[in-house]
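Two complexes follow with chain A in common, the first pairing it with chain B and the second with chain C.
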Partner chain A sequence: MSTLKAQPRLYSSRESILTLKAHLSGKQAKIPKNPTMEDYITYIKKLSNRLKQGPLDFWIPNVFRRLIQVIRLMSSEDGFFPIKDKEKNFKELGLTILRKSIRSKTTVETGSETGSNAIQQDVILPSIEQVLEELEAHSDDINTFASTHFFTNEVLLVYEYSTTVLNFLLSAKKTRNFEIIVLESETENLGKQFATDLGKHNLNVTLTPFTNAYAIMQRVNKTLLGVDAILKNGGLLMHPGTYAICVLAKQFAVPVIVLSGAHKLTPKYAFDQTTFNQLVSPLKINPNSTIDQMSIGITFDYVPPEYISLYITNQGQYTPQSIYQLFSDFYNVKDEDI
Partner chain B sequence: MSEFYAVILADSYDNQFNHLTNNIPKSLFPFVDDLIIEHQINWLSKNEIDQIIVLYRNEKIAEYFNNRRRPGRKTQKIQLINILDSKSSGDALRELYSHGIIQQDFLLLFGDVITNISLKEVINKYHDQRKEDKMNILLMVVHQGIQQYDEERYLYVLESDDKLFQLTDLQQKQIIINKKHITLTKGMPCKYVIRSNLIESGIYICNRDVLKSFQEYFMFAEIKEDFIKYMTTTSDIQEEKIHLYISPKIQVSQRIFHAQSYHNACLKYLSRFFFPYCPQQQYYVDFFKYFAGRVDQKSKISDQCFIGQNTDVKQKVTITKSIIGKNCKLGIGCEIINSILWDNIEVDDNIIIKDSIIASGCKIKNSIQSQIVTIENQKNVKQLLSFQKYDDNAFQSENSDQESDSHELHQKKPKENDDQGLKEDMIDIVANCKTVSQVKEAITNVDTIKVNSNIAFENIVIAFMAAFLDTLQPDVDSLKNAYALWEEFIIRFVSETEVVCYIKSIETFCRQNQQYHLNQFLQLSYKHQILSEQVIINYQNQMATLEDDQFAKDFVQSSQQFKEYLENIILEQEQQENQEGDGEYEYEYVYE
Partner chain C sequence: MSEKPNPKKGEPWKPKEKFDKKANKEKLKQEQDQAETKQESNKTAQQQQQQQQQQQQQQQQQQSKQSIEQQPPQQLQPINDKQIVQTDTSNKRKDFLSHLPIFQDYNSVSIKTVKQIDPQTLHHSFIELCIQYQNGQCIGSTHRCVEFLNALKQFIKDYKLPKQSNYFAMAFLTELKNIFNLMENFRTVNEGMSTSYLFISECLMILRKTKLDENESKIWLCNQIDQFIQSKIISASELIIKNATQLIQEGTTILVYARSYLIENFIINYFKQGKQLTIFVVDNPQFGEGSQLVNRLLQQGISCYQILLSHVSYILSKVDKILVGASSMLCNGALVSRVGTALLACLASTHKIPFLVFCESYKFSEKSQIDSLSWNEIAQLEYGNENQQYTSLSLRYDITQSNYINMIVTEVGLIPATSVKAVIGEFKKYNYVDAIEVPRVDQ
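Entry: the complex of A and B
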């Protein structure tokens, strides 16, 4: 049986943005002549609908929402963003200088420039660049918060494969010494791969089966989890099995820290396990299922916000009670119906 | 990919479903929510194969495709080729070769395969192997699992890189493996693998050379028994090679050989084994139950059931692991266990259907006798009494006329029996009741009798009056007492529609026994509010018109006073209404 390597959700988001860029530059987009900002925005919404891979695909609409928000901000304030860090300040400055130079270039080269193309050059393409940068650099931003949260010789618990957590641990290794326990899920083989990947970098890793979770939770200091989607009420949609870990962690008063890039923020609400979920084939869980002895496979686990202690995103650190603020900065309310 | 053809052999050459396949080919069997061939076309279009050729023997497939209006991919093109003269799948392939449509590679699909195998990797492997060696002509797709049915029991002997060395039927008594080329030396890794956990899926990716070899060897009738066996047994002479593609464990398929595998495939489809090809999410209720029709709350439906669109399931129905098609009607108290019901079926009350397949258009009625079940060979085909033949798709239609006649005969007898029984019961009840509370009990008794035996109110009133009038004696006091005692009973059962037979029964009684006066009966009935004024007046007018009848004339004379009294009352009521009429409003409700 071939083992599947887990693909970060990042890939699908990035590919969709790149297709949009290709459409715009290759002039395949069906945009009416002399388009305004609104025309571009409706086109982007239609494209996200088309590229979406099913009703449970959140990542492609998320990244397009972010793009539309960036476009709105750029066009309204002519480029200046609410500034968060000093480092970012210089980044913004560099962008505006670059943009102004581009604008001057276009007006010099082609004298008869239509207003539409100017919009495209000034606003859309730079905002695409910005969103792509945010996607690619999200790991670095998360890792900057790494050193503040750990003490030396701590025992950390992780579950199955997560690229965000992997990068986080690799960067934290430079400053601290700690021990990692990898919990393996019963149904997929990715835990083993995660342990080998960590072990290649000389980290102290232990691999245990899922049934051992109760026994080792008493000796664990912190839990680090990767996530599939963060919902607006603070709830999470995660790999099947994490709900059990979160309940256990609360039982033993172990803080649960969630790491994710901001492209996983989804402005939707869920209330129970079945709101955003899908039953898959029972053969995925147990390859020897028959009709009489069947397993039930689901796509996501919904974890309510009460079980989480902290969210670390590339836009900052938040508690479940306050993560809604990030949504209002990151997205616009008008775009939540994509 | 545009050149890649998919060939569907839309007919089976075996006798398993003989009764049904005389009318419809196996590809047009309904499979849970759609026909088998629609599932296959859907699967092919999801795997981006647009050119489809359907080889058919039965005219119904041509009719179906002519009338087919389904949304599909824009580039999809379905061709139909008639293979009327063929007696085996080998003949069908020869016919296909003679048409000369297929230039390169094609996918061969049997008409009874339900699957979720993703074809992208299969086709890639096929092209890779073609590049290696031009002699790789057939790629047989198999999936891993437990071999359940006799038709699936084969032993696969494989060389390296999944090349098929030998394929033996496990049903034979002796299994001989071609030992010529197997040499085992100590210490060397064994080149051959023998597997018995593979099940062929009915999907083959073939080259045009396969068709050529069918044309050459005219005795080839089947693909597996003849062609593959020949190619593998004579592999030292022949150079053609056959490979296997073993799909990952998530991807399965199921062929429908006989009734048992049909049922098994339906249950697997409901349990989402063929994810992402599943019934629609909007019908999903609970653990693998899909309700597209109306189900009453009092019925019990187990896991893994499907209720089709517009189907009406009444109360107290138990359905266990069954599939019910569109527009069906199930009566009260039915039990349906492990069955497949197609479309447009009407099932009456209290019928048990077990382990059967019921074709479209049947009407299944109840009879007093117990139901007869016949099991023919391996098919569980249930012969039920009295079903009618519809336009198409009903089996065993020759017997239906005889059986419907016998059914009607049976129905007449119990009616008379019931009447006699009712009269006796009523006499018992009337004789035993002496007090008002006993009368109340009697009311409930008669109610239950009515509901259980489904008797009309009229019959009850007639029977009761016969019994009641027997107990009377010819003086006024006994009449008054009797009416006072039975007032509630009579009011309960004599409503507007039964008034006629009530009065009729009294009239006949009075005609027979001259001591009783009809007038007294009517007055007492009016006093106890059994009859209203208008009714009595109508009756009296009616009696006045009967001229030849002495009895009627007597009655009219004696009841003259009573009649005037009633008419006065009616006049007073009308005057009262007129006075109050000014102050009353009629409200019209406006529904917003």
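Entry: the complex of A and C
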């Protein structure tokens, strides 16, 4: 349960998919009789609008976009999949087998009036299952790349709590020895939590406050970051303070590696710090704020793609310049307006 | 300004210390003898320390909880009459910062034992001062230096010449050296404090030649200290504020980091002239200096925005200038300041925002330093658990490179970061504070 608390994005994505499943199975969905694929898709879009928690909630629309894409793939007549990775290949194989079974079922039961149920059961529910599987297994797929990026006795910098990074480091620990420096942000105490969780597994961990970042960066070999949202131009949205770390890393020529599941891919564009941002209550920053002494706090930091070296996702490794390809596979262009 | 001044006229020419071969040979022999004796004593001490460490490790392994209770009474070793502070080697870091000094925390129990020591070894005003340094009540380079000089004046008044020596000057010089060595145990000595130390030793050299008696020389020395404070700190700050007011036009947005005596006075002065500024104060929650500055400005009726260092990226596009105070300026143009300043300077250079440093000239130093980790001070402001599986690290100072600094505002004028060495050279000619007045001797 503690990992779910520290992964609010994953948690909300999972929960929204499960609500959809409940709606469909409980027959509470307002779907016209004899629905087609398009009806289902519009219903899912409406549901995502309802479940969205504000204009800066990217994760619920992301997961519904993925669901719609999977549904489209499953129900399409074309059976051609380009070969990319071994892991992806096996998944596609599984999809083709599923689709063949769907086609066989539908060809047999064309006469009956169970058309809507057939579509629902044979296309929507399996695609929901697949999306849930992708969400839960994203960490394992990322960890396959764990040992390829470090050398022995390296010093790594991490910032605030990220379960993806935690799992990554634990699987990398099996092959290499390294040292970790955890930067702690001033507002939340997640940095201390991260350091204790890492220290439990006998890793060499040092905890520093954020202000020491410049002094510490001289010693660091690589930076590992979790992320809140990956944008289509290759930039990312993350906990405030990440922009400063990435600027420092560029000054010291320290590579920045970003780890995330593919459910954080957001097909939007940002160009400065204010495009996707929200001011936070001043009392969170300083409990003694008054009107004369206003405290300013923000939700996100936007990091432009020039500061990032590599994205490692569960769909593969990408540079910021090439991650748009992943968007075209993962989502459909028609659904970007959710 | 930590090197010795040039020899004065009238004295026979002596070769500089580096090139005096005869004296150097003798010195080398003496040092070797001392080193040998020290090595022997160190070996025995190391063996003792190793045994102690092994004992402590064994205890930790066997009984983790009970050893926590046992360790504090073990660390308070019995204090000798001459030893004021105890060096605790078991607290030393074992990682890449093991070269940095760790200062003993003084809680109420150990303070009582320290005060019971013979007051001749360390005057009570210095003890109070050092404890204030440790607690965090006395933070900031100017504040620390002024408090130190006030404590020194108190000490001078209470000082009684021992019957053996006739000259006040020589005896007092050795006392001063002792004081400095002892104060190093509490917190590292400031650059400003070491400049004042050099100034006072200069004055004592002058006193040595005159034949003043004890009381008159004490009064003269106190007057010299007052003159130092007046000219180097108070009137310097007025000049700096005047220079800076020309730079900053009305209505600009400025960003300030942590709390600096100069910048606080500058802002208050600026608003008293009737001009307006938009002020963002970047807070340092570890030391709490930013919120102190905000409170003080509020008392004067100046409103400002408060922001954290990690959230600074949001407002950097709206800021016109960044103002920062200094602990010292180094010879290679680097700035020693509160930790976090270098991060701010790096961000400022990417966003092309002018970065101004306010620094009086007495804080200029002959040292050079390139990175923040080769010399620093570790701040132990929070008590960590014994059981925690991570080591926590927090530094006090930060080195900002000269290419990030646009301008230094001093009482001498507006200088670039690379001119620090030239300014030090100019001041050396004048004994740091114009010419020191020789006291009148009526004979």
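Here is the rule we use: the second predicted complex is superposed on the first by the 293 of 338 C-alpha atoms of A that agree within 3 Å, B and C clash if a C-alpha of one lies under 4 Å from a C-alpha of the other, contacts with A are read in each partner's own complex, and residues count from 1 in each chain.
Methods note: contacts are C-beta pairs under 8 Å (C-beta built on N, C-alpha and C of every residue); 3 or more make two chains touch, one makes a residue touch a chain.
Since the model is a prediction, treat every value here as computed from it, not as a measurement.
Asks: Specify the outcome, clash or fit, for chain B and chain C once both structures are aligned onto chain A.
Replies: Here chain B and chain C can both sit on chain A without a clash.
Asks: Should A:S76 be classified as contacting the first partner (chain B), the second (chain C), both, or neither?
Replies: Touch status of A:S76: no partner.
Asks: Any idea whether chain B or chain C touches more of chain A?
Replies: Residues of chain A touched, chain B against chain C: more for C.
Asks: Quick check on the superposed pair: does A:T152 touch chain B, chain C, both, or neither? Answer first, second, both or neither.
Replies: After superposing on A, A:T152 lies clear of both chain B and chain C.
Asks: Going by the contact rule set out at the top, does A:A195 touch chain B (first), chain C (second), both, or neither?
Replies: Second partner only, chain C.
Asks: Looking at the overlay, what does A:M294 touch: chain B (first), chain C (second), both, or neither?
Replies: Touch status of A:M294: both partners.
Asks: Just checking: does A:V182 make contact with chain B only, chain C only, both, or neither of them? Give me first, second, both or neither.
Replies: The second partner, chain C, only.
Asks: Rounded to a multiple of 10, tell me what angle the C-alpha centres of chain B and chain C make at the one for chain A, in degrees.
Replies: It is 70 degrees after superposition, to the nearest 10.
Asks: Report for A:L283: first if it touches chain B alone, second if chain C alone, otherwise both or neither.
Replies: In the superposed model, A:L283 contacts chain B only, not chain C.
Asks: For A:G241, is the partner it touches chain B (first), chain C (second), both, or none of the two (neither)?
Replies: So A:G241 only meets chain C here.
Asks: Rounded to a whole Å, what is the shortest Cα gap between chain B and chain C in the overlaid structures?
Replies: So the smallest C-alpha gap separating chain B from chain C comes to 9 Å.
Asks: Taking the contacts chain A makes with chain B in one complex and with chain C in the other, which residues are shared?
Replies: On chain A, the overlap between the chain B and chain C contacts is residues 288-289, 294, 296.
Asks: Please give the residue numbers of chain B that touch chain A in the complex, ascending.
Replies: Residues of chain B touching chain A: 116, 144, 146, 248-250, 252, 264, 267-268, 271-275, 287, 304.
Asks: Across the complex, what residues on chain C touch chain A?
Replies: Touch list, chain C to chain A: 95-96, 280, 283-286, 291, 294-295, 298, 303-315, 317, 339-340, 342-343, 346-347, 350, 371-373, 376, 388-395, 398-399.
Asks: Which positions of chain A touch chain B when the two form their complex?
Replies: 1-2, 279-284, 287-291, 294, 296
Asks: Using the touch rule from the top, collect the residues of chain A that touch chain C in their complex.
Replies: Those in contact with chain C are residues 182, 185-187, 195-196, 198-200, 202, 205-216, 218-219, 239-241, 243-244, 247-248, 251, 272-274, 277, 285-286, 288-289, 292-298, 301.
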